[in-house]
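Read from first to last, the chains carry the letters A, B, C, D, E and F; within each, the first residue is number 1.
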Amino acid sequence: MADLLSDEEATGKVKEVYEEIRDNFGMIPNFFRAQAAANPEWLELNWLRWKNIMGFEGSLDRKTKELIAVAVSITNNSRYCMQAHEAMALMKGASTGDIVETKKVVELFASYNNIADSLDIPCDISPDKVKGSKDRL
Amino acid sequence: MADLLSDEEATGKVKEVYEEIRDNFGMIPNFFRAQAAANPEWLELNWLRWKNIMGFEGSLDRKTKELIAVAVSITNNSRYCMQAHEAMALMKGASTGDIVETKKVVELFASYNNIADSLDIPCDISPDKVKGSKDRL
Amino acid sequence: MADLLSDEEATGKVKEVYEEIRDNFGMIPNFFRAQAAANPEWLELNWLRWKNIMGFEGSLDRKTKELIAVAVSITNNSRYCMQAHEAMALMKGASTGDIVETKKVVELFASYNNIADSLDIPCDISPDKVKGSKDRL
Amino acid sequence: MADLLSDEEATGKVKEVYEEIRDNFGMIPNFFRAQAAANPEWLELNWLRWKNIMGFEGSLDRKTKELIAVAVSITNNSRYCMQAHEAMALMKGASTGDIVETKKVVELFASYNNIADSLDIPCDISPDKVKGSKDRL
Amino acid sequence: MADLLSDEEATGKVKEVYEEIRDNFGMIPNFFRAQAAANPEWLELNWLRWKNIMGFEGSLDRKTKELIAVAVSITNNSRYCMQAHEAMALMKGASTGDIVETKKVVELFASYNNIADSLDIPCDISPDKVKGSKDRL
Amino acid sequence: MADLLSDEEATGKVKEVYEEIRDNFGMIPNFFRAQAAANPEWLELNWLRWKNIMGFEGSLDRKTKELIAVAVSITNNSRYCMQAHEAMALMKGASTGDIVETKKVVELFASYNNIADSLDIPCDISPDKVKGSKDRL
């Protein structure tokens, strides 16, 4: 089981990161405490990524990004992240219906991906064609 | 390489399914032609699932579901489905920015899932807690 | 692309293994030629495993074992092995219907496995219970 | 942990599906109870697939299909399904020797798949060639 | 849970293998006891592989090989092997810093692999080119 | 196929990153050009991670880290990264024997991980015990 760095043990750069995490989550998830305990530079790097990818309002809203995080975590069969991102999706406005629908889409493509590979299907739809047809408009 | 069932070879139930597929996609993707060639009941079953999960306007809109399909297909490293669903997401209104952001979220959780597993992190956030706190309101 | 050891280059122990492989397959698959080129001990070890697990008539017949090999290779998305074991299953008496049915079972469990994980389903059926109930007879 | 729909809560279509499941398994596995609780249409769809793929006597017998289910579930590392299908294979006539032999074939291809990919081996055996040679007979 | 073969139950070839295992590990890990209980030939085969690949001082030292074993076990999300090989790496001289650095490299490539696949990046660096340039020296 | 950002198109921060990459690799791999074309912030973030994890001389030397990168890329079956890191390992002093030995360790644990999971083996070796026994010295 991971060592976890408590609030009392956090100093310097880790303390700053902890404050930013608390501002975003209302708590410090064990996910970040474990990285802080293992290697402070690792925590910093992965918090920077979180802010840049999840915390930033880009073209996708946060709820959609949390649902994608749920989908990826199920596909990788990562228990901690499945639980955590299902919880976060609910906190960011997803309904339980959204969660169920996400899980249905995920299992649909678990088998569709599998069929596409097992039948060795030649590609007939690609993003380049779609972009090409839009460019011609 | 998969055998593919042409329009001319499609009869009976397969012909009906092909018509519904064409109504939805404007074409018959090889993915469905290959199943038709292998086993017509398989095609029927998987088309029924598509209608029920992707074709149905439930709580998530189609664009979001296509982005989740892209995320799952990347995680499973399934080339046909990656290409096809990136194309479909674009057709359903996703911008190239949405696609890039989806890929960033996917790679973020490829590594976050991995970290959570490698550090054996005890769960401290769960959907039950979130639902519980909402129920108390 | 792998270096491949030709028949002319095979000497000593590798030559002996090549003869046994040819007796079983009627040819030397590149899979074994590549290991011979990389490291002769590796070839020996993996040929010994093949004889012990696939070449040996244990409780399962060879056709069933080749169908399981197809199922595993699809699930691991390994193109060479998918192709090779689908071919070998056909050579060992599987019909194209058997192959299609195997692929249907594989995609069914791609999604059932996924659902069981995503819903975090508590175990209620186990081999120990079945064995226990048989022991009581 | 999944919500599970009890017999008492099952009405309408779910009740009918539960009866068919009980006819086949002698019980309602949590796998199906969890889907019923999440979304009745999902249960219906996945029960229809089960009947069509596992429940139907096609070219492969049920024991063989359960062994393939065990193989896929091990490869996907899905604990619930590993347990459940090992139990079902035993119930459908597999011996413990068949189960062990299945696990040996699965681990053999875990590493053979890996070797084929790591050495980037050019394909020299394919189902089309085998079918072609049979067609010429 | 696996059946485990105790020291008292070990006879003949299994007893010999147990002695060699104890010479190498100072104990018999459950990993080997479970294979002995399932099928003695399986144990023999896998112990032979261990001696040939891990126990043999080839070009890589044992510590490096244990760190690679940790990396593979994390990537496959196999809890028993993650624990066991992290312990063995420590026993073979790895520092906790080496373990943390290994985990950082592993999560880096979890996401880099993902990015390379999701962006469908054409290969521009290959071992053949490097070997070629060395051959010309 | 990915869009790639040429040297001529690189300006500002991307141009700076390109210079650092060229100092390290003697070229700009497509892996980085593709990220630059998709989203400059993504390139920056992933270059920062590379410098921090791979470029930094921590407790493991660069050759060992490249071999771990090869192992992870094989396990994830990511063709671009397998090729690229096998090449880089050779450039950083690995012999072809080291590469073959890495591949042997990787395939060994592909099957050992699988066996540990399929037999559901209870953990009897853990890093905490090893650390504990060292602390007592």
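As a convention for this text, a contact is a pair of C-beta atoms (placed from the backbone, for glycine too) under 8 Å apart; a residue touches a chain by one contact, two chains touch by 3 or more.
All of these numbers come straight from a predicted model, not from anything done at the bench.
K.L.:
Between subunit D and subunit E, which partner chains are common?
P.N.:
Where subunit D and subunit E share a partner, that partner set is A, B, C, F.
K.L.:
From the centre of subunit E, which chain's CA centre is farthest?
P.N.:
For subunit E, the chain whose C-alpha mean is farthest off is B.
K.L.:
So which chain is farthest from subunit A, going by the mean of the CA atoms in each chain?
P.N.:
C
K.L.:
When the Cα trace of subunit A is superposed on that of subunit B, what is the rotation angle, expressed as a multiple of 5 degrees?
P.N.:
Rotation angle, to the nearest 5: 180 degrees.
K.L.:
When the contact pairs of D-F are compared by residue number, which of C-E, D-E or A-C has over half in common?
P.N.:
Repeat interface, by the over-half criterion: A-C.
K.L.:
Between subunit B and subunit E, what is the separation of their C-alpha centroids in Å?
P.N.:
35
K.L.:
Can you compute the centre-to-centre distance for subunit C and subunit D, using the mean CA position of each chain? Integer Å is fine.
P.N.:
The computed centroid separation for subunit C versus subunit D comes out at 17 Å.
K.L.:
Centre to centre, by mean C-alpha position, how many angstrom separate subunit B and subunit D?
P.N.:
Here subunit B and subunit D have centroids separated by 21 Å.
K.L.:
Scan subunit C for residues touching two or more other chains and write them down.
P.N.:
Where subunit C meets two or more other chains at a single residue, that happens at 1, 38, 49, 75-79, 103-104, 106, 108, 110-115, 117, 119-120.
K.L.:
Chain contact topology under the given definition, line, ring, star, complete or other?
P.N.:
complete
K.L.:
Touching subunit F in the complex: which residues of subunit A?
P.N.:
For subunit A paired with subunit F, touching residues are 1, 41, 45, 48-49, 52, 128.
K.L.:
Under the stated contact criterion, what part of subunit A meets subunit D in this complex?
P.N.:
Its residues touching subunit D are 77, 100, 103-104.
K.L.:
Touching subunit D in the complex: which residues of subunit E?
P.N.:
For subunit E paired with subunit D, touching residues are 38-39, 42, 76-78.
K.L.:
List the residues on subunit C that touch subunit A in their complex, please.
P.N.:
74-75, 77, 79, 82, 103, 106-108, 110-115, 117-120
K.L.:
Can you check the complex and tell me which residues of subunit A touch subunit B?
P.N.:
Residue list for subunit A touching subunit B: 1-2, 27, 29-31, 34-35, 38, 46, 49-50, 53-54, 58-60, 64-65, 67-69, 71-73, 75-76, 78-81, 83-88, 90-91, 95-99, 101-102, 104-106, 108-117, 119-127, 129-131, 134.
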